[in-house]
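The letters A, B, C and D name the chains in turn, as written, and every chain counts its residues from 1.
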Amino acid sequence: MEEPLKDHHCPVLDQVMISPGYYLLSLTAPQIARAAVPGQFVLIRCGTRYDPFLRRPLSIHQVKRERGEISLLYQARGTGTRWLAGRGKGDLVSLLGPLGRGFTYSGREKRGLLVGAGVGVAPLLFLAGELAALEWKLVILIGARTKAGILRVESFQRYGFVKTITGDGSTERQGTILSLLEEETKETDWEGIYACGPRAVLKGVQKISRETGVPAQISLEERMACGVGACLGCVCEGTAGEVLRYLRVCREGPVFDAGEVILHD
Amino acid sequence: MIDLSVEIAGIKLKNPVMVASGTFGFGKEYASLFNLSKLGALVTKGLTLHPRPGNPPPRIWETPAGLLNAVGLQNPGVDFFLSEILPAMKSFEVPIIANIAGFTIEEYTQLASRLTVPGITGLEVNISCPNVKAGGMALGAVPELAAEVVEAVVKATSLPVIVKLTPNVTDIVALATAVTQAGAHSLSLINTLLGMAVDVNSRRPALGNITGGLSGPAVRPVAVRAVWQVSQAVDVPIIGMGGICTSNDALEFILAGASAVAVGSAHFRDPLAAVKIIEELEQYCIENGIRDWKQIIGAAWKGQN
Amino acid sequence: MIDLSVEIAGIKLKNPVMVASGTFGFGKEYASLFNLSKLGALVTKGLTLHPRPGNPPPRIWETPAGLLNAVGLQNPGVDFFLSEILPAMKSFEVPIIANIAGFTIEEYTQLASRLTVPGITGLEVNISCPNVKAGGMALGAVPELAAEVVEAVVKATSLPVIVKLTPNVTDIVALATAVTQAGAHSLSLINTLLGMAVDVNSRRPALGNITGGLSGPAVRPVAVRAVWQVSQAVDVPIIGMGGICTSNDALEFILAGASAVAVGSAHFRDPLAAVKIIEELEQYCIENGIRDWKQIIGAAWKGQN
Amino acid sequence: MEEPLKDHHCPVLDQVMISPGYYLLSLTAPQIARAAVPGQFVLIRCGTRYDPFLRRPLSIHQVKRERGEISLLYQARGTGTRWLAGRGKGDLVSLLGPLGRGFTYSGREKRGLLVGAGVGVAPLLFLAGELAALEWKLVILIGARTKAGILRVESFQRYGFVKTITGDGSTERQGTILSLLEEETKETDWEGIYACGPRAVLKGVQKISRETGVPAQISLEERMACGVGACLGCVCEGTAGEVLRYLRVCREGPVFDAGEVILHD
């Protein structure tokens, strides 16, 4: 972790559309690869002029430390991510990072439940790899509205048991990822839930964590400007203390203990 | 190496490039990215008498070549700043200008006198924040009220007083003249433009605070115009800001009449923007055979080519 | 096909998308690009009582996500317009709104009465041009003067009177209220922001007129804010403009409270911008099951999602 | 000329850097190829977002009517042209045109003098081709500061006799293109001068035309927004009439009779 924070100009190794609208981008980024922990993110500069202006936050999806490579998994939505999707082998991309506070894990039982909704699986693959290396037993729940949004199942299967669910029933089960989570938490005694996905899912995770007593960590998204904690742009509401206190998603987060934050709609 | 130093209201800067209030926090976060002593000065996030939680999120919204922010002066309050933050800032070895925001004249004077301590080089009086209900722009848009604030602050401190003006007025020259007559030693131009966005998906305002302040390259022409107008009307040095991303942008402000510049939103795109601008300005002076860079301040209206 | 029609100050528009004054000339040039009858309305270049040569070049300067212009109301004068231009415009089969700019109240009333002729559907009173010395913004920035102009114009014509306001004021709501009380039937928001650029190579102002008006996507947040504020304060319909390039942009204005929109600088990037926006708005209504699109006017503050 | 004015989305056939910083871009643009006359230009949309915002005017350099192709010759200077220089085979570029009033030629003697300073040769190659097809005898003067700015000599040689001159003497002659022009106008009795280049050169052409009585046409540059005559942004000062009158470079020009306009510094 003693790598200095830097704006890295990283060559693209490879970019593939792994499902309609979803991209897997591999980059040479040795310093980030060395320094990053699961749950951290990078800020990517998109475009060469001032529109789009702000960098885009993307989670670190995978890290190959020895090879000095990282990969990002993202959905091309707006101007920035669509620009990024147009980059190809050899192009340089500017990445600021690794940023933020990642997941923490120190269980004795080493039984973890990963919850990834849609592209929310992005930070979880890196986490799954690290946990598996520490010999955690993992169940990985992956949900999306349709099959096209169920991403990276095979990669996750290397690290644990994967269960998928879709809103339209186009994979094994039909329903919401929260229903899967409820079942899982009933059956087994988990040491930790690690979740990333839309706010509604994270709110559900907070509730289940509260009800079952299983500690959960959730990775939040908020609009960002600086990404380093200086501008106070990316806050969410914290629960600690008597007075209203906002926490910076880019600095105190993006990973929070489920009880640490209040999620509004 | 070229000497880029300049004196603003008695503050000696080793170069004319500062970082703008609110975009650089209290420096700590950027200190891991570069050596802050390279900067001309560091302007702190706006400080208030009491701690403020700030506005509810979302606080940031991207717009073409710019962004809206509605942070709402989140800060830990002046006491916490003095006891917990300022001491550590000394290691940055950069002049520190405290940006202060009150909700009454009384608050401004209290802030000014409490911040008149070793380690603070100057005060930037923010009477131009668009993101709070009382004070801020409400005081800063009326020349008489603005002048009252400034007069009181100047009395309350022995530090140089820089007054930061809002562009959201009909006549920025009248405002500038009023606060200069009231004793301002320097002016910062400009704070953000009052703007807003609607999120077409939710059909609701995009920002938690509804309106926000527009900054970034999009506003640069408005800022350059303000500097051009004001620098010809008043005798105090001007710190120009608004969308500066490159040395070319900085030069636009200097040629228009600014004696120094501040880099704000550009940090969000390139955290090293300010340092790069300093290096490029040196280069510019060398390439153009400019011995004393101060000779080009206001050259666009002084007609010295 | 979805019915996108709307009535503004008694003017029936087949859809809410107009073209903004000064960016579309008198229509002739764009008529070879598309069928102008598709437009909601065509607003002419600003007309003055006497022919005006306009400002010396350069008149255009690109800025991030926008441009500065300092055309300075070049136009052939109202008489030439009436005798030589208007007759040919009838073949466009589109409501024609004449944009008028005076230098005195008397000039405004003369313009209004001369233009009260068949073929002209409404008047847009430009009290907001930043590129001329007298009249324009000088009259338009002071609520009392603006109200005087409007009152006189309303008396001088039987046509619907739309008043175009400048954003370069401290309090646009006060201005809007004043002109509405003076009889304005509708408001156009916004004219350009007063800006300027310095050409770093020549070290001189980039525009022949020194300052200019900033338009394009860069100013959109300022325009949306103006529409949001004013639409909640007055009862007349608002025509929103400032940086509209896509239907999404147009929707932002409509949700903020505009009953119609005008497309200006976007034509410079895509000459078919206005027609595309009309088609996309239809599509938006279909996809979102909106029967009467007017129900979303101001939805962002009316809270109807 | 009865092609309607349109925004054409044209595939790039080929782009080569023919000299440091100078690009020759070939596009498939059958309608423009059919409709264009020498001296006309197109407005090119640069970038995919709003910065840069305005289109860039570039002269039509060459036209292959049968093949439906045109080419542009330009110098990559700022944000727009640098973006354009990044386009490659198959990329689509949006071209509005053909625009403006081109050169006119109806001489009986058919003796023409072309004057191209730097990238000012751009509109002259199309003109030279048309004139040569009408059996004009042409002398083509090409000047630049250095050899790198002397462009397309071989192509011009197909249509007439080429003389080059450079400020640093790195081609056959050292000096300014105006000195060459003065010599030529002394020696021969020309029917017309056709010039394009920096303002200082065009002012010189105006002067020589006035002094020698040889009619000259000059192609002007001015900053443009609409390019079609609607915005009144691109004007230059006209000489006709009693009162000050501004002419639109995009509509009344870009080619003007030398006596029609006043060029300020």
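As a convention for this text, a contact is a pair of C-beta atoms (placed from the backbone, for glycine too) under 8 Å apart; a residue touches a chain by one contact, two chains touch by 3 or more.
Just so it is clear, the structure is predicted and the values come from calculations on it, not from any experiment.
Listed by label, the chains that touch chain B and also chain D are A, C.
Separating the centre of chain A from that of chain C, both taken as means of CA atoms, is a distance of 46 Å. Rounded to whole angstrom units, the spacing between the C-alpha centres of chain B and chain C is 33.
Centre-to-centre separation of chain A and chain D, using mean CA positions: 54 Å. Rounded to a whole number, the gap between the C-alpha centres of chain C and chain D is 36 angstrom. Annotation for chain D: residues touching 2 or more other chains are 49-52. Across the assembly, chain C contributes residues 63-66, 216-218 that each touch 2 or more other chains.
In terms of inter-chain touching, the protein chains here all touch one another pairwise.
Within the complex formed with chain A, the chain B residues making contact are 22-25, 28-30, 32-33, 45, 51, 53-54, 56-67, 69, 71, 74, 216-218, 245, 265, 267-272. Those residues of chain B that touch chain C in the shared complex are 63-66, 68, 141, 168-170, 193-198, 200, 202-205, 210-212, 214, 216-222, 224-225, 228, 243, 248, 251-252, 255-256, 296, 299-300, 304-305.
Looking at the complex, you find that chain B touches chain D at residues 64-65, 217. Interface residues of chain A facing chain B in the complex, by the touch rule stated above, are 4-7, 45, 49-55, 96, 222-237, 243-246, 251, 264. Against chain D, in their complex, chain A makes its touches with residues 47-52, 79, 83.
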